[in-house]
Every structure is written in structure tokens, then in C-alpha cells.
Amino acid sequence: MRWRRRFLPSLPLTLAIIVFWLLMVSELNAAQLAMAALLGLVIPLYATRIDREFARFGSLRPLPKLLVVLLWDILMSNVRVARQVLSREERIHSSFIWYPLEIGNIHGITALACCITLTPGTVTAALSDDRRYLLVHVLDLADEAALVADIKRRYECPLMEIFP
Amino acid sequence: MEMAIASGIGVLVFAGVYLVLRARSFDVILGLTLLSYATNLLIFSSGRLVVGKPPVLQEGMEATLANHTDPVPQALVLTAIVISFAMTAVAIVLAMRSRADNDSDHVDAGDVRDGREDRG
Amino acid sequence: MSHLPILPILIPLLGGALSLFVEHRRIGTVVQRSVAWVFMLATLAASILLALRAHEGPVLVYLLGDWPARIGIALMVDRLSALMVLTTSLLAGACLLHACSGWDRRAPHFHALFQLQLMGLNGAFLTGDIFNLFVFFEVMLIASYGLLLSGGRGVRMSAGLHYVAFNVAASTLFLIALGMVYGVFGTLNMVEIATRVAGIPAGSLPLAKATIGLLLVVFCAKAALMPLYLWLPEAYTRAPAAVAALFVIMTKVGIYSVLRVGSLMLGEDAGPLAGYGWDWMLPAAVAGLALATLGVLAASRLRVLVAYVVLVSATTLFIAFGLRSAGTIAAGLYYLVHSTFVAAALFLIADLVRRGRGDAGDVLRAFPPAPGVRVVAGAMFLVGAVSVAGLPPLSGFIGKTMLLQAIPEADIRWAWPALLGSSMLVIVGLTRAGTRIFWKPVPVLPALPDGPRPVRGQLRLPETIATMVLLALGVAMSVAPGPVTAYTRAAAEQLLAPSTYIDQVRAAMPQGRRP
Amino acid sequence: MLELMLALPFVLALVLAILRDAPAKAVAWLAGLAPVLALAVLAWLTPAVMDGQIPRTMHEWLPQAGLAFSLRLDGLGWMFSLMVLGIGALVVLYAYYYLGPREKYRRFFCFLLLFMGSMLGMVLSGNLLLTVVFWELTSISSFLLIGFWFHRDDAREGARMALTITAAGGLALLGGVVLIGRVVGSYELDAVLAAGETIRAHELYPWILGLVLAGVFTKSAQFPVHFWLPHAMAAPTPVSAYLHSATMVKAGVFLLARLHPSLAGTDLFFYVVSTVGALTLLVGAWNAIFQHDMKGVLAYSTISHLGLITLLLGLSTPMAVVAALFHILNHATFKASLFMAAGIIDHETGTRDMRRLGGLRRLMPYTSALAIIASLAMAGIPLLNGFLSKEMFFAQALEIEGHEEMRWFVTIAAFLFATFGVAYSLRFVHDTFFGRGPRAVDQDVHEPPRFMQVPVAILVVACVAVGIAPQWTIGPFLETAARGVLGDALPEYSLAVWHGVNTPLLMSFGGVLCGVLLYLGLKRVLDLHAIVRQSQGRMLFHLNIEALFRLGRRFTHAVANGSMQRSLLWLVLVAIAAGAAPFVAAWGEPREPVAFVSQPMVRLAWVLWWLLVTCALGTLALYRYRLLAVLVMGGCGLAVSMTFVALSAPDLALTQLLVELVTVSLMLLGLHYLPKDSPRLRSLPRRLRDCAVALAAGAGTAGLAWAMMTRPPANAAAAEITARSLPEAWGSNVVNVILVDFRGFDTLGEITVFGIAGLAVHAMLRRARMAPEKVMPGPPIKLPVPADLAQMMFPLTLVVSIFLFLRGHNSPGGGFIAGLTLAVPLLIQYVIQGAASVETRFGFDYIRAIGAGLLIALGTGAAAMLFDRPFLASGHYDLVLPVLGTIPLASAAAFDLGVYLVVFGSTMLILSMMGTLKPSKTMIAHRGTIDPATRSALTGEAS
Amino acid sequence: MFGFGLIETTIGIAMYVVGIAMLLALWRLLRGPTVPDRILALDTLNVTAIAELMLLGMHLQSAIYFEAALIIAMLGFVSTVVLSKYVIRRDIVE
Amino acid sequence: MSVVWELLLVALLLVGSFFVLMGGIGLVKLSEFFKRLHAPTKASTLGVGCVLTASVGYHLFVGSDPQPRELLIVAFLLITAPISAHLMSKAALSLRMDEWPQLPGKSDEDTHVPPRPDGGDDEGY
């Protein structure tokens, strides 16, 4: 384990790098595989110098569902936002809300913030100093409690499983 | 297309020269940056304008200028971009230092402080 | 094959790169200076060999990357190039010696910047490709910014801003001209351009003229020809002594480029472009000479005065080269070499004075230098002033006499009054400066509390030797001018026969490739 | 032998310069050795010269310019050598006693010997250019001698004045000599003297004459540039005795005599030279009467006598020339002795002011006697040498033929010369040696040391001897000298005291009588002592010189006031002119239509055009609000990059984009330390002017670009490069191949530039303490969410960077782009995490990276040299490995690695230096923190 | 090359549409009124430029424009970050 | 190329460019910064995403670039978009402190969350 920590600090990163490389070079052969593996081994060692901590995954099981939900949400809310943009502006009631966080892992918070931002209609504006609240700007706020609950259910809960 | 590029160069030079003639170091640097855009476009256009024929050779395509645009001006522009970038960096730092040391960002701060904005 | 032509570029580059590795506090000055000197001397040796080789006659062509000159970059070394490189190396040696009296420790990266500046200068003189010339111009310039600003503060920074901004603007213009050159001629090799100039179709003639006109404007700006000289005095006077002395060669790069372009692209064989632009340069040179001379009179500080002396010599060179006869060019080249050494020496002397007079600096007012400095600095100033003013028996006189002799009958009526009158006024200015600085009594009473205070200036051996070396080079040129004048004469003839030059360059073939 | 003679003074001057701490006596002995030994050499050569031979010697100096070190000793040279060395020896003796115990003997004698050598060189020179060399050397060394007491204002001023005027004359002489060289084809004196006819007949003759005479007149203090001579009297008296009686001022007339055979004999020569001589003679003599300084009288009298000599040479008859030479000798003897006497008096009484002196004949009878005799010689009293030459002058004046008006003029001038001469001599004698005792001189006045009087005595004895028995004493010398000028045209003349009663004799007596009457009359009518005569020449000179300096100052300040704005304006103007001139000149000429097919607009070109133009103009409109300008300019950068993409230049687009990003970052980093806004420029004309200039520049550039693009391209070289790129340079991205192979040398220079930029920035900021313009109070902010994301990006960008690097040779990318691709994400880390946290974890020696990059690039290029191929010749090797297959290894890739390192190192060095500046506390306190009231002004907010 | 040019026509239309979006962003860039608005506009310009580049790549049937789009996507936000940081703190690198 | 694929690509392109345009329109039309912030960040993401997907398909079938490399662009966009949005809103917030909502459960004194970089004693700038 210690050996792995030392020479392979983050398996996800290594894998990501290998995939990245192979995607980029657009060819799949022994030489490129060797190169990808080499980079996958070397770069994380180097990146540890920048990274404070690598993300440790808990369970990856909720991930596929989360991605699908997210994709769907992006699609749907895009349509909604498009409608709002095209409609008269007076009907839009935008507002800030403080979203109370339950997730404590910083990577989880980041992922949640990403999800919120990527989903149209909401954008994370800030994280409170104690990391317990996210400031979210909502383009068209109907029901604050419902929105908070929605986010919690759709994103935060799966994320808490992924980033324990 | 030629007219568009030429007029674009002209507008960049116009804005750049006007800014270069200003009295404050930062404005001059802005002007020089705009001028470098114009310069890059001009050198680039010395190879004439060709759409969709990048000078990257591909198999099955003969390596002639019929299939590829003139690569030389591109190489020149690359060098020019790098060099003007280096110069801009030095100029910015120099402007900072000059401002810090002479307590004015007037381009002629060092010798004359007669309060007039422009002496050129 | 002989790699001699490229050595004056590569040696300083290597020196500069290595300097970066030895410039640590733990390593110490001795090692840094040793590295600097090893490469300096190697460059000097290469320059001497190169000059000897170039003097044999044929143009030395070095095809970089073994590509034919028309598609790659070629170094083309004729007598003129080699002469300039040798001059640069000799000057740089003295400047380095001067800097080793202490400035090199106060200016971060001095040795690296110095070597790279040398690389830029040599590259500019040796290259035969006009875009490569631009690149080396930039190497030279940015190294000069570094040398000017490293370790500096205060007014030097604002002077530096002026210098940098002006040069960046001029470089932008250079690039525009280069774009035009490629667009019009389809090549960047100067010899290739020269072969295409004559055949330019009538419809493209104004365009070609504008292109070369812009090039000349750039070179004249670097050479500080009127009215593009306004940047020079401040920059040169604010630079540290060793750097200011080295800068003297920088205006010469512009002049060299004018000569080169003039010889190849505006020479006898240039068809409709023959002689284009020169008609304007002569009046500009005369007007510039007048203004520079007035500047010598107006100078309120010794270094400003020397900066204007540099301008006087630059404009004198433009007159010499503008007349475009073998005699004037030969005389001009002699004058160029001489004025480089002497003006550099004067900058070093001015610095000595500045240090030796404490708070009074080099301001031209009655305040004596420290006694320790006075005699040596005064004697050196006398030699330098006599030299630069064109008084016998030193090099300035020989240069000026040869120039007067060579000026064609038709041009005597304006060129002679200009040259002689300017000499006259320069003498007046130098005399005033010299008497004010060196001929003031040491005050018996202690200075006023708020007035400038004299200091116990002491001579540092390296800087004294450096100054003396420069002056000695000038004196040597006057005692035995024969070899130098023979060389410059041959160089001038080579310049006036561009077709030979072109043929020799075009005959150079790659070794390991098909041509 | 001639070389030896000439070398002696210089060698001994050098010896003196080297000898430190030598006692005064030894110095004087050494100095005296020079003229004495040289005189011995001269004596050795004398028989030959007397025989009419001309000893010669010649060494090459600069044959191309006709400059040779040739010496010749003819009669004229011999006479002057004798004078220079003889009086020189006496002056050395005299000076040893004259100089005070605290004077710098070594320097004085060193300068004196230098001068002696220069003078000797001039009279011996057999090459006109060499003459000019020594001529100017006399100017320089006399400058040093006149300014010997440089702590005195008058000495400095006198020295400067003398140098200014004589050096100017020297330059004119140089011009004249070069013209002579053109006409004759040689500068050798023999050739020039033989070519008199040619010169006089040449159309350049007036110019030659004018220039040479300008030299002669300035040196010999002729009217109207005579005024420097009295001011040169600030020199120590030995110097005056030497320079202003026998040597320096005689250089001019020497040259006139020297070139007499070549130049004289025309009406122009006659009129100009004699008129100037006559005017000088009158002006000098008249002014001498009104001087109060003993040396002032002597100086003006010298001017007058030089005028006489010039006049005689101008008359040009053989007899006049003889008279001139005779007078040169006579004047040298009596004037040198008078100067020395004046020096003795000054030395003993402490003053030279004749108003304060008097009655010295009682106190110093011996000196007085000598001085009185010499004065009488100066006045032209019979039985003294001055009388003889004056008689000859009168005779010549009366014998002028063919120029009636000149005869009258010269005769009257001669008479007045005699009259005034007697008057000032009388005043000199009377005021100094007679009358009441020294007024206001409370010194114990007595005779000087004996050896100080010896030189005076020798000279006075010579005066008397010549005056009494001229034929025996001076005859042979004069004949030798005259033969040197006139050659065989030597006239019959008799050197006798008594020629019977004739007109000249009557004129002489009349002159003496009138002089006495004049002096007495003036004394009665005027209080001579109360007259203060300002030197008009000096005033004029000063006015002129000062006007010159003022003109220089004003002009320089008006033109070259150091303003950068003006520099740039001129650059733009000249560039516009250079670009437009050929088109303006070709306006209206018939033009052939150019076959040109315009490229159709790309689909997105309109968007890009609007983007580019709007952002450029937007930057211009917003430039005062700097942040906004930077922002809007970002649009320009994007538009340019997109244009490159659209026009088949992916590499360019990448580079431009990356550089753009870094540039924006640098500008913002810099803006932290600069004011946020530019002040408003109120002057409308100024704005309009700049606008017009900018418009012209813009229109001109656009026109040039258009004209260029519509010409048929000449791209044979590009075609060849494209074709040879793959087979010979093993790369299919031709742009990259050009960068690392065809034009790899450019790239080497380019990365050098880039590396130096990093070093320069480092050097400028390393120890700089800078205050931000305004400080945001409070601790640095934390950005956990962006930080986390950015962290995730970094390894991926590293992958992209490596990809771009490796692929650069075959598709867009390459070392430069890859280097920036690595640097920019690191910049993000700096921005989001703060410099301190990045630098502690990601310690990297950027400077060494630059060095290493340069070394790698250099080494790659130089590796080719090992294979005896030129620098940067590329190599290529296919490495075949099991499993992995063929891996192409190209030297170009190694070169690109150097590029990569330099770019990365330098960019990071710049960013990290700018990001980690240490603020100066005091300056922050001075500038303060952000004030809410100014917020909108600071960012250019609309509200 | 294709049986029917529908896709090519669509690419053309899309290029115009995205171009209009770019011009709209340009308008916001110049108009402001606040600095964050302009930053936002610049960011949008970058993103639309990616779309435009990809469309161009399709239009010209070349993958050569991929790298440019990649760089914009990967690093184009740098100016956004730096400018925002400047507005927040003045001192970009703390 | 099959008609279905082509129609799919056409649809993707149309949808993509539509959303890109929506982003632009929103950016221009909406009245206040935070509203505007929504339009481009989202619409562009989806819009560009669609275009990129279309590009993958197109190149795949034309054969000019058989790899789905555009996915990398999407990946980077997904990472960078939140960073940009986050920082831009922080920038906007730092200029307009008065509009901040109060943090639940906190009193007035310590509602300054996220911590104001400047200590809260000025109105930003």
C-alpha cells in the first residue's frame, strides 16, 4: 500500500491521463500505449507537487446515475432558460439563496458546485468560509425549499457516496 | 477578403499609433500591443490569403503550394509574436519600475516634471 | 568544413548560457569572471581569425542547416562584416574589463546579458538573411535593455522606458517592412533580394521603393539619424559606464545595415532602385550633424556631451557613406572604427569623472574631481578629446583628413563646411567641458554644507586599464593606420561591387544535400 | 639626424612625464638638454644648409592619404629651428628661476618641450599634411601652457580662446592643404613649391588661398581675430616670452613664407594679405598705447609687428620677403627679452600694472637698462635691430609699384606704425622705469637672481649687435633663410646701418618725433591711466560663443528635449513619409492593370472583421480606463487568432492565443502597480493632430498591405521548402519544420530573446520594492472550489503540453506552444492558490531552466558540427524497438526541447517575479488603501 | 462529395448563427456596464469561438483546427480568472 | 453517410447553434449581471457540447478525424466553466455587497460570508 501511494498516488488520475493521451494521439498501438502508461505513471508523481490532496473515491456506484440525471437536467433546464430568455424579463424573479451543505469533502463540494453551475438556472457564487453553505444565484426562483431539496436529492446525496 | 484584412490592419494601426503617442506608459504599451497585432497580420498576409489549406502535409496530397498555403510567413509571424511578447513583458515591468522609482507613469517622468501632460 | 563564421555567435551564446549556471552567490565572482573572460577571449580570437580570413577576399558563406541560402539562413562574411565583428569584440573586451571593476557584481545577470548582447551584435553583422537580421537586432536590443536596466533605478528607468518603447516601435516598423519584403520579393535572403530588385515590374516599383524605404527608416532610427535621434542622448547617458561604452557600437549596427542594404539592394545593379533613398539621407545627415553639434554645445553633463559626440560621429558616417565612393566609404569605415573606440573611452572617462566628483557628478560646472582622479582622467580625456575632435595627430584627424580628401569635387561646397564646422564646434564644446571639469582648483575651504561635496575618488585598476586600452586602440590606429586603411579600402571596394558578392554567395552549395 | 633633432624634445617630455618626484633642478636640466642637444644637431647640419643643400628624410605614414613623415631642412626651416631652439633654451633657463617653489615644474617643462617639439616639427616638416599635424599640436600644447595656472579664471579663458581660434584656423588650413593636395597631386613640400604656377592658375586657387590664410591669420593674430593674443598673456611669462614672441605666433607667418612661392604673386594675394597686415599693424599699435599691463603692451605690440611681417609678405617683392624674415628675427629677439624683463619685474614687484609701477631704474638698474634697450629696439631707434628692418619696410612701402592707392595706404600705415610704436615704447619705459617709485607696491624690490637675467642679457646683446653690425652678425643667417623662400631670386640688398639720407630715414626720424609728441600730447590731454579699454574682440568673442552655447541649448531643448512622445511621433511621421513617397512620386504615371483574383470572404470573416475592428476602436475609446482597455483588447487577440485559423494557420492561432493570455495576465499584474486611469488630455488640437497622424499611418499601412496582397506572389522558395520539408527534414508540419530546421537559427535567436526577457525582468524586479497603486485591505482570499478544479486540470494540461510538444513536427504544436501550454496552467495555480503556496511546493529554478534550454538548443545545433556538417544541420534516426515498433528520433525534436524549456522557464520567471513582488511598506502608507469614493473612477465603471 | 448538401448547408447556417452570437457578446463587451459584464462577454466570446472553430473544421473537413479549439477550451478561461481576480483583489497573485 | 446520421447531425448542429445564440441573446437582453451570467454559461455549454458532438460524428463519417477527440474539449469546458462562473460572480459580488443575502442562522455582524476580502469597510469598487 505504501509502495502504491509512493509510486501510484492516484489511480483515477493515472487512468484519466492514459485515456486523455490515447484520445489525443488518435492512434492505438504499442508505442502509444507505452507512452500513455509512462505518462500515467510519471505525471501524477509530478502533480503531487501541486496537489494538496488527491480525491479518494468511496463508492462509484451512484456515478452513472448521477451523470445521466445531470445530463437530463442540463438539457431540460437549458430549454427552460431559453424560454425565459426569450420571454419578457419581468416574469423572471431571480434571487440568491444560501444552500446548506451536508457534504464535507472538498472534492464533493466542488463537484456539487459544478453540478449546480452546469445546470442552467442556477450558479454557485460562493462558498462560505466554514464550508457549510453555498451561495447560489437562481435565475427564476419559485420555491426556495423545493429547490434546496431537489439539489440535495439529485446531486448532493450521490456525491456524498462518491466522496465520503 | 484582401480588403477586409487590409482595412483591419489599417484600423489596428490607427488605434495603435494613436495610443503609442499618448503620454502614459501603459497607454503606449497598449498601443504597441495593438500594433503588434497589425504587424502579425501584415506579415501573415505577405504569403497571400488562402483558406483551408494549412501547411501541414498529408499523405496522398502533393506537397506543393497548390495544396498548402505559404508556410514561410507563418514561421516569421511566430517568431515575431514571440519577440514582441518578450518586449511587451519587459516594457510592462519597466513601466512598473519607472512608476515606482519616479512616482509618475508619465513617459517623460524622469527629466521634466513641469506638470504639462504632453510635451511631444 | 570551416565553422569560423558562426563562432562569434555561438561562443558568446554558450558563454551566456553557462554564465547562468555559475552566477550563484556560493560560486563566487572569480568563477563568474573567469567564465566571462574565457568566452570573451575566445570570441576575440575567433573575430581576429575571421577578419584575417575575410581579408583574403572571397565572401565566406556559411549555410546553416546545410540548406541552400535561398531557403535557409546563410551567414555571409565579407570584409565589412568581419571588420564590424572585430571592432565589437575589441570594444567588448574593454567594456568587460571595465565592468569587472565592480559593476558586474551589482547588476544581476550582467555576464549573461553581456555575452548575449555580444551574440546579438555579432549575429547582426554576420547574417545574410534580413529576417535573421531582425532577430539578431532583437537579441541585441533586449540584451541592451537588460544591461541598461539591470541594477539600475530612478531616472535610468524612465530613460530606459523611452529607449525600450522607441526601439519596440522601430522593431514593429521593421517587421512591417519585412512582411512587405517577403510579399514583394518572395525571399528573405539579402542576396536573393538583390537579384530580384532589378527585375521588379514597373507596376510594383512604388511598392518596392516603399518597402526598402521603410527598411531604411528602421536602420536610420537605430543609427540615430536625424530626426530619429531623439532617443539616444538620454538612454546613453543614463546607462552604466561599461554598458554605455558598449552601446556605442549599437548605432553602428544601424549604419552597417544601411550600408549593406544600400550595397546590395540600392547598388549600381539595382536597376530602377539604384541609389534610391540616398538623396534623402545626405541632407538628413547634414542636418543631423548640425543638431548633434549643437547638442555638444548644449550639453550640461559630460555624458550627454559624449552621447552627442556619438551622434556627431554617426552622422559623419552617414555623410561618408552617403557619398558612396570607394574613398569616402573607406574613410568612413576607418572613422567608424576609430570613433567607436574613442567615444567608448570617453564614456568610461565620464564615469570616472562622475565618480570622482562626488555629488557634483558629471555636471559641467566648476567643481574639481578628486585629486587622485584628476591627472589620469584629465590626461585620458585630453587624448580622447583630441582624438574625437579630429585634431592631429590622433585617429580622428586621419579619418577626417581621408574623408575630406575623398569627398567628390561636386559635394565639397556643402560637405566640407559641415564637417569642418562641426569639428570646430565640437572642439569648442570639448574645451569648455574639459576646462570646467579638470581645470578647477581644489577649493581651499570646505565645501558649503548644501553644495556638492568632493570625495576621495580612487582609480580602480581595471577601469583605468580598460579606458587606456580603448584609447590605445585609437592611438594605434593613428600610429600605424596603414593596415586599417588598406583593409577599409578593400572593404569599401567589395561593397561597391555587389555583383561579385552576389555571385560568390550564390555559388555556395550545401555539402550533404542536393543544392 | 633630422629625426633625432625632432625627437629630442618629445623624448625628454616623455622622460619628464614619467619621472616622478624629480627635483626641480633636475627637471630643468633635463628640459634644457633638449634644445641644447638639438641645437648641437642643428649646428652639425648648418654647413650643409649654408651650402644650399636641403637635408631630407622621409618615412611612410599613411601613403593612401599622402601623409608621410618627411622632414626637410632648408634655409627657412633652419632659421626658424634656430629661433625655436635658441630662444627655447633661454626660456628654459629663465623659467627655472621664474617658477615659484610650489609650481609644478615637471608639468610645465613637459608641456614646454611638447610645444617646442611641435613647433620644431612644423618648421621642419616636408609634407603639408604633416605641417598641419604639427600646426595643430602647437595649438594644443600652447593651450596647455596658457592654461598652466588653471586655477585662474583668466588663464582658463585665455587658453580656451586661443585654442578655439587657432584650432579653427587649423581646420581651415587643413581644408586648404587638402585642396592643394588635390590640385598638385601630392602633399610633399617640394612638389607643392614647384607647382606654384599650377596652383595659382587653378580655379580652386581663391579657396585654397582663403583657407590657408584663415589658418595663417588666426595663428598670427591678425585683425580681426587678433584679440586672443592679449588674453593668452594669462600664461606664465616664460610661456609668453617663448610663444608670443618667437614661436607660436610666428607659425602663421612662417607658413605664409613657406607657401610664398606657391601662393604669392597674384593680385588677390597682394591685396588681401597686405590689407590685413596693414590693418593689424595699425590696430595693434594703437591699442598698445592704451594698455596698463606690461604684457598687454607687449601683446598688442606683437600684434602690430606681426601685422608688419604679414604686410611685408603680402607685398611679395623679394626685398619685402627679406625684410619680413629679417623682422621676424629682430622681433623675436627684442620681444622675447622684453617679455622676460616684464616677467622679472612682475616676479620682483608682484605686479605688471604700469599704473602701480615706476622708478624701477633705481631699484633694479641692471634689468631696467636691458629692458630700456630692448624697448628702444621695439620702437625702431637707430643702432638697434628694430630700426633696420623698419627701414627696409619703409623702403618697400615706398617702392610699391602698380598699385597707387596701396602705396599711399601702406606708406601712411608705415608712418603711423612708427609713430605709435615710439609712443607705446615710450610709455612702457616711462611708466615703468622712470617717475616716482613703485606705487602701492610694498615689496622689497631688488634685482632678480643673476641667471634669470642672463637670457635677457643675451637677447639684448643680440639686438645691439645686429643693430650695429648687421652684415657681420645676421647677414649669413638671413641670406640662408631668404634663399629658402626665394630660391635663386634672391635680391641684391645691403644690410647696413647707414644708407645715406633718404626718404625712409626721414620717415624714421619723423616717426620718432611724432611718437614722442604723441605720447606727450596724449599724456597731457588724457589721463592715460584712467582709460579702461575693454577688448572689443573679447566681448564679441564671448557674445558669439555664448550665443552659440545658448543657441545650442535652446535648440536642443526645443528639439531634443528627451521627450519620448516626440521621438515616437517623428518615427511615425518619417515612416509615413517613407511609405507614401514612392506612391506620391508615381502619381499620375500610367499603371498596368494587375491581374488579381480576390479571395472570397470566408464565412466567418465578417464576424471576425467586426470583432477585430470594434475591439480595436473600443480599446482606443476606452484606453483611459485601463482595465477596460485590456479587456476589450482581449477581443482583438481572439479575432486575430481566429483569423489565423480561418486562413490556414493553426500554429499561429495557437501561439497568438497563448501569448494573448499571458499578455493579459502580465498587463493586469503590472496594472496593480500603475494608476488605474490615464488623465484626460485637454488639448483638442493635440488630440486632432495625433488623430490625423494615426489616420495617415493606418491608411498608409492598409494601402501598403492591400497593394502587396494584390501583387502576384513570388514564392518559389516557399514551394521548395514545402516540397523538401518531408523528405529532407522529416516533418509534415512545414511551419514547425521551418522553425526548427530551415530557419532554426531564427528560432535560436528568438528563444535567446525570450530568455533574456526573463532575465531582464528578473534583474529589474529582484530587489525592487514597489508599492501597489492602492491596496485592498484584508487577508488574501481563499478560493477552494476553483482551486480544487484547477488542481484537477494541471496534470491534464501537462499531458496536452507533452502532446503538443511531441506532435509539433507533424501537426500544429511544437516547443513554443507546448512551453506556454505548461506555463499558463501554472499561472492559474499562482492566481488561485497564491504564489507562496505554489512556490513552496513547486520549487523550480526558472533561470537554470532558461540556461539549460539554451544549452540544449545550442548543443543540438552544434552536434552537427561533430559530423562535419554546418551548425543546425538536422539528423534523423529511426529507432526500431521490439513491440513498440519504429520510433522516429529527430535532432529537431531535441532542438525543440530547448525551445520548450526556455519558453517555460522564462514565462514562469516573469510571472513569478511579477507575482511575488515585495511591497514597500512606507510607499503603501503613502498611497493608502482603496477609497470607496473613487471606486468608479478606478475601474471606469459607468455607475 | 455528399449526395445532398443538407449537412453542409446546416453547417453554413450554424456558422452564421454562432457568428451572430459572437457579435452579441461583442456588444456586451463594449457596452458593459460593469466590469464583470465585460468579463462575462469575453468568456462567452471564447466559448462561442470554440463552436465556431469546430464548425469551421467541419466546413473544411479538416481536423487541423482541433488543437486551437482545445487550447481555447483548456486555457481560454485564464483571462476570465485573472480579470475576475483583479476585480476582487487587485493583486492577481497573492 | 446514412441519411439518419446526417439528420441527427443536422439536428445536433441546429440545437447547438440555437443554444449558443440563446446565450448571446440572454447576454444582451437580460438586465442585470447575475441574470446574464446564467445565459451564456449554460447555453454555451450545451450549445458547444452539441456542436462538438456533431463534429465528432461528422469527422467520424467523413473520415478526416476518426477519433472522438472533441470529448477532450468537452471535458475541459466542464472543468473550466464552473471556475469562470464562480470567479465572475465573486467579482460581481465584491462590487455589490449590499445585495448579499444574509447567511441563515447568523446575526448581522457575521453575515459576511463568504469572507469579504477587504474586511467589508468599503463598497468594493
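Letters A, B, C, D, E and F mark the chains in the order given here, with residues in each chain numbered from 1 onward.
In the analysis below, a contact is a pair of C-beta atoms (placed from the backbone, for glycine too) under 8 Å apart; a residue touches a chain by one contact, two chains touch by 3 or more.
A quick map from chain label to UniProt name: A = Na+/H+ antiporter subunit E; B = Na+/H+ antiporter subunit C; C = Monovalent cation/H+ antiporter subunit D; D = Monovalent cation/H+ antiporter subunit A; E = K+/H+ antiporter subunit F; F = Na+/H+ antiporter subunit G.
Nothing here was measured: the structure is a model prediction, and the numbers come from that model.
J.: In this assembly, which chains make contact with chain B and also with chain E?
T.: D
J.: Name the chain whose C-alpha centroid is most distant from the C-alpha centroid of chain F.
T.: Following the centroid criterion, the farthest chain would be D.
J.: Which pair, C-D or D-F, has more C-beta contacts?
T.: Between D-F and C-D, contacts are more numerous in C-D.
J.: Mean of the CA atoms for each chain, then the mean for all of them together: which chain is nearest?
T.: Chain nearest the centroid of all protein C-alpha atoms: C.
J.: Give, as an integer number of Å, the spacing between the C-alpha centres of chain E and chain C.
T.: It comes to 48 Å between the two C-alpha centres.
J.: Using CA atom averages as chain centres, what separation in Å is found between chain B and chain C?
T.: The answer is 27 Å.
J.: Calculate how many whole Å lie between the centre of chain A and the centre of chain F, each centre taken as the average of the chain's C-alpha atoms.
T.: Using C-alpha averages as centres, the distance is 14 Å.
J.: Quick one: chain C and chain F, Cα centre-to-centre, how many Å?
T.: 56
J.: Scan chain B for residues touching two or more other chains and write them down.
T.: Residues 20, 25, 28-29, 38, 42, 44-47, 51-52, 54, 56, 72, 79, 83, 86-88, 90, 94-95, 97, 107-108, 110-111.
J.: Show the residues in chain C shared as contacts by 2 or more other chains, in ascending order.
T.: 131, 135, 138, 142, 145, 149, 159, 161-162, 165, 169, 176, 179-180, 183, 234
J.: Two-or-more-chain contact residues of chain F, please, as numbers and ranges.
T.: Counting only residues that touch two or more other chains, chain F contributes 18, 25, 37, 41, 45, 65, 69, 72, 76, 79-83, 86-87, 89-90, 115, 117, 125.
J.: What chain-chain pairs meet the touch criterion?
T.: A-D, A-F, B-C, B-D, B-E, C-D, D-E, D-F, E-F
J.: Show me the residue ranges of chain C that touch chain D in the complex, using the header's touch definition.
T.: 1, 3, 6, 10, 13-14, 16-21, 62-67, 70-73, 107-109, 112-113, 116, 119-120, 123, 127, 131-132, 135-136, 138-139, 142-143, 145-146, 149-151, 159, 161-162, 165-166, 169-170, 173, 176, 179-180, 183-187, 192, 196, 201-210, 213-214, 216-217, 220-221, 227-231, 233-234, 291, 293-298, 300, 386, 390-393, 397-398, 400-402, 404-405, 409, 416, 420, 423-425, 427-429, 431-432, 435, 438-441, 481-482, 485-486, 489, 511-513
J.: Quick check: in the complex, which residue numbers of chain E touch chain F?
T.: Going through chain E, the ones touching chain F are 2, 6-7, 10-11, 13-14, 17-18, 20-25, 27-28, 34-37, 39-41, 43-44, 47-48, 50-51, 54-55, 57-58, 61-63, 66, 69-70, 73-74, 76-77, 80-81, 83-85, 87-89.
J.: Which residues of chain F touch chain D in their complex?
T.: Against chain D, chain F makes touches at 75-76, 79-80, 82-83, 86-87, 90, 115-119, 121-125.
J.: Per the contact definition, I'd like the list of chain D residues that touch chain C in the complex.
T.: Going through chain D, the ones touching chain C are 60-67, 129, 132-137, 139-140, 143, 147, 150-151, 156, 159-160, 163-164, 167-168, 170-172, 174-175, 178, 181-182, 545, 548-549, 551-557, 559-560, 562-564, 566-568, 570-572, 574-575, 578-583, 585-586, 591-592, 594, 701, 704, 707-709, 711, 713-718, 720-721, 724, 728, 741-746, 748-750, 752-753, 755-757, 759-760, 762-764, 766, 847-848, 850-851, 854-855, 858, 862, 864-865, 868-874.
J.: Taking the complex as given, what residues does chain E use to touch chain B?
T.: 60, 62, 64
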